[in-house]
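Alright, structures below, take your time with them.
Two complexes are shown next, each including subunit A; its partner changes from subunit B in the first to subunit C in the second.
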Partner chain A sequence: MPTSKKKGTQTVVFARPPGISSWASIVGPKEGAGPWGSYFDWRLNDYLFGEETWEKAESKLLRETVKLAISKGNYQESDMELLIAGDLLNQTIASNFAARDLALPLLGIFGACSTIAEGLIIGAMLIDGDCIQRLVAAASSHHYTAERQFRLPTEQGTQKPPTAQWTATAAGAAVLDGLAAAGPRITAVTIGRVVDMGITDAADMGSAMAPAAVDSIKRHLRDMGRPLSYYDLVVTGDLGRIGKTMAEKLLSHEGIEPYSNYKDCGVSLFGLKQSGVNAGASGCGCSASMLCGPLLKKITDGDIHKLLFVATGALMSPLSSWQGESIPGIAHAVAIEY
Partner chain B sequence: MDDGKLKAPEIADYKTQVEQIKPQPKLLKNCVWAFATGGFICLLAQIIFNYLLASGLDKIQAGNSVSIIMIFLGALLTGLGVYDKIVEKAGAGAIVPITGFANAIVASAMEFKHEGYIFGVGSKIFSVVGPTLLFGFVFSVLIGLIKVFINA
Partner chain C sequence: MPTSKKKGTQTVVFARPPGISSWASIVGPKEGAGPWGSYFDWRLNDYLFGEETWEKAESKLLRETVKLAISKGNYQESDMELLIAGDLLNQTIASNFAARDLALPLLGIFGACSTIAEGLIIGAMLIDGDCIQRLVAAASSHHYTAERQFRLPTEQGTQKPPTAQWTATAAGAAVLDGLAAAGPRITAVTIGRVVDMGITDAADMGSAMAPAAVDSIKRHLRDMGRPLSYYDLVVTGDLGRIGKTMAEKLLSHEGIEPYSNYKDCGVSLFGLKQSGVNAGASGCGCSASMLCGPLLKKITDGDIHKLLFVATGALMSPLSSWQGESIPGIAHAVAIEY
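Let's turn to the complex of A and B:
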């Protein structure tokens, strides 16, 4: 039985689109030195953020971003009924420990680097479904927690191939409010399918995720009966330079021409000249901070009216890579309009 | 992609396309860096070796002392957070010499310090060099056996 809000195969259109009433982003030194540095609320000077371990630093990063998003919207922590958060660490400890200090009810989620979109989708559904009125969706990543979990010790010397991406040290949080009077709103969401094109190179995750991004964009447009040009900007999460090129090729192949209105957070976050970046940025914090920094600012400034935010995730683990599995990708699309 | 299931030709085609657009590593530049850095490390070791010989150590003593000094330098530069930056440029030129081996062990030890001395440093210190040690031991035994047969 089709429900009243479901449209097409994978899309949900909201009857009362939840507002994004407040948001915040905190980024690390490298991200702060990038082209969008001034759009983030805080730029850290130190990757440890005054903590003893990288993991504690990431948890604090997430916690402070959530607090900042709440206070920027003139809310109290007690106004929030739910925190939906996720990160890349095993058992999502950055989120779990952040929520311990915040004392908010928690739904911990994992969608690899697409986590913030997954949080916004669940949050928007809970609000439009009349279950919850106000909540925070957040996601974080930290370069050094990711390096040590997915790759090698941080001081270990390695030479990265040009396809590799730099995991962003960043967090983004957005407050969704069912009673928001004005501001950007989530009008529709498309939940992505897992797509695997057989890429096994863990140093080239952009190519692994590009087919998932294109699949979700295509299905969103088909479900909604819209052309890509309906949106002022379509932005993918962290495909990086190689993944973005592949996504453009695949979109053309599907008969969707991505003209100048297609960008990728992974390409944008860092400058071309920044060292060690190679193909661009990755990590939950990449798309989360770009959304809860530059993108939402541009929406409220009136530069963008209709945004399709397509956060992408590579759903592998070091274990699956060692066992020779290919890298499955996922992408969730969130339509934000003002 | 419409029925949701991907077909083998699509996957093969996609992989080919990715290979076509992947930027290739800058082979010549990387080789020059590796040669220069690796050469410099060896040159430095040779200078120390000659100095030790001149100071009156015999060949075996001087050789062992050079190894120890180079391991110390690799460990020190790792602790100072410099060695990984050298490898980023020099690649195998800085990984293959004994300083690179020291880097791999010290980096692991530093990384897992916070998990304690048993489950952290103790169990993870050889996480990177473990394979080198294991197969080094295995091949030393094999080569030893071959030598025994040749001499017999």
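Let's turn to the complex of A and C:
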């Protein structure tokens, strides 16, 4: 059956599913101390990673994660034809400067915290279409670059509401290879549309993104003619505890049950024991590192055979919030099977 | 011959070149009063476009340009399977909010002023690969949103150096259709890599981007085995007068001559008569509106048969400049033939 996308659907089903041949994740101290610490390739001891500023540290985090994904797959950097990358920083400078140092052709993307899924979706389509044979998709976030850009100076020590999430210091990178002989494969992708239910509280992004996540899950299942239970695990990006509860209610409302196989990276990354993270984790690096660490490891270990990875993004900026706009959410879904 | 990309090259040559079946451009008052005014679909009388803020006006500019490109091609919005869009605003909010109102699946991109070329490149590859049949690629910029985000409050009336460029208030959108029977076609694309020659002056972005433009032109011609003269016109995005002169010197240094058929959208948009624009125009909307206005019109009129469109981007942010970083440049090349 050739690669196909029916008119009116948002899902592309691949004739020759592109392989995820290698991957890597690097996380910060707090993420490394969480329940999944041993699943990440590197755990940093501090937030500067030998750099002068947090922003330079984030760019290095992304760059080193890409290099690690390449070397772990026994590739050379010159084997990669393309880098597809994005991050949360204004003008995505973490990605731009990483691409400069890597000297790889760059397609820069912005999907907020859904970025790694957007990169995998574009990458899988380019490989399936024979335009590119090998590429890296990557995304990063850094707690302290996000705090000062989106919120308040951390020195101020402002108390956060319980709905707030902790931006992860983390990066994930995956090599897609059209010639991969074995390994996990991307079998189908669903491109998300923007869903905005009018939430305006920038300290409750889980609630803003949950309707988008459910919209993309619903469309994916309908387009594929599958129940949720087809997947061993359906995992959203970074809804956190509040957003995940809302997503469960919305799934139930849509008649998509049972959802005992549904989890969220924002809830999982720090687990239940870590303090100070309120509703959980967020940031491009949250779902990127969970995918390119624990999730792909569990897939190759045979614990998960069919994964639906649904990374979620809140597409506002501080300026749009100041101007009274609500928070547009998006979610991109990637079916990974092995 | 199937779609191909030789290893080690950055150029994809399409087996069935995707058609540009419809396009539209909307520009601000200053752009509309320039030498190409009559080539744009709409010329705005003011910078607010009926909105309360410049940012909301930019998002409307992008949205209305996309709608116009769709309706000019006798399409319905529901015929479009995807919007690929980007802009210069932090977290690309012009695009995100436009996508919300259009209810189209979104792949958000960031390539600074090279954005429209990045969108056409991704779009052409997705259509060639049979993943998508019809999509819109779009990009926008707005003089006043860019001034206050990247520079100084306009109320301050700061004098600018002669190397500075005037961010265009403009948007361009193009519909790519894999089933288009006639019209201009994208025959090959060259994905740019980041080139950074150490320029640190954010008021001289033309000089920062010129080496990237020449790198992509050189790689494109080498990958295709073509002289520059194969094209009736080679046009860069927004190098402006200083950057264009530098690009000409670099082309000459690379042995790529003659370049009498080489022009730059940043020089052309305002022409020579408009005052206050210093070295010329810039912004995502500069090359996007020039392509989706004068250039595609001249192609369908038969004045240009073969165009190499090389949009250029400066990938820094105010923060990266404050932290002492130089300005990384990128340029993506799109060959359009009719």
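As a convention for this text, the second predicted complex is superposed on the first by the 329 of 338 C-alpha atoms of A that agree within 3 Å, B and C clash if a C-alpha of one lies under 4 Å from a C-alpha of the other, contacts with A are read in each partner's own complex, and residues count from 1 in each chain.
FYI, contacts are C-beta pairs under 8 Å (C-beta built on N, C-alpha and C of every residue); 3 or more make two chains touch, one makes a residue touch a chain.
Nothing here was measured: the structure is a model prediction, and the numbers come from that model.
> Go through the superposed model and pick first if A:Leu179 touches only subunit B, second if only subunit C, both, or neither.
A:Leu179 sits against neither subunit B nor subunit C.
> Quick check on the superposed pair: does A:Thr53 touch subunit B, subunit C, both, or neither? Answer first, second, both or neither.
both
> In the superposed arrangement, which partner chain does A:Thr154 touch: subunit B (first), subunit C (second), both, or neither?
Touch partner of A:Thr154: subunit B, not subunit C.
> Let me test your reading of the model: by the given contact rule, A:Ala33 touches which partner, first (subunit B), second (subunit C), both or neither?
neither
> With both complexes superposed on chain A, which partner does A:Pro211 reach: first (subunit B), second (subunit C), both or neither?
First partner only, subunit B.
> Looking at the overlay, what does A:Leu89 touch: subunit B (first), subunit C (second), both, or neither?
second
> Comparing subunit C with subunit B, which touches more residues belonging to subunit A?
Partner touching more subunit A residues in the overlay: C.
> Between subunit B and subunit C, whom does A:Met197 touch in the aligned arrangement: first, second, both, or neither?
Touch status of A:Met197: first partner only.
> Does any part of subunit A touch subunit B in one structure and subunit C in the other, and if so which residues?
52-53, 193, 196
> So in the complex, which bits of subunit C are touching subunit A?
2-5, 7-8, 10, 12, 52-53, 55-56, 78, 81-82, 86, 88-93, 96-97, 99-100, 103-112, 118, 121-122, 125-126, 128-133, 191-194, 196, 315-320, 323, 325, 328, 330
> Which residues of subunit A touch subunit B in their complex?
Subunit A residues touching subunit B: 52-53, 148, 152-163, 193, 195-199, 204, 207, 211, 215, 218, 242, 245-246, 249, 275-276.
> Using the touch definition from the top, list the residues of subunit B that touch subunit A in their complex.
Per the stated touch rule, the residues are 1, 4, 6, 10-12, 14-15, 17-18, 21-25, 30, 78-79, 81, 83-92, 94-95, 100, 103-104, 106-108, 110-112, 114, 127-128.
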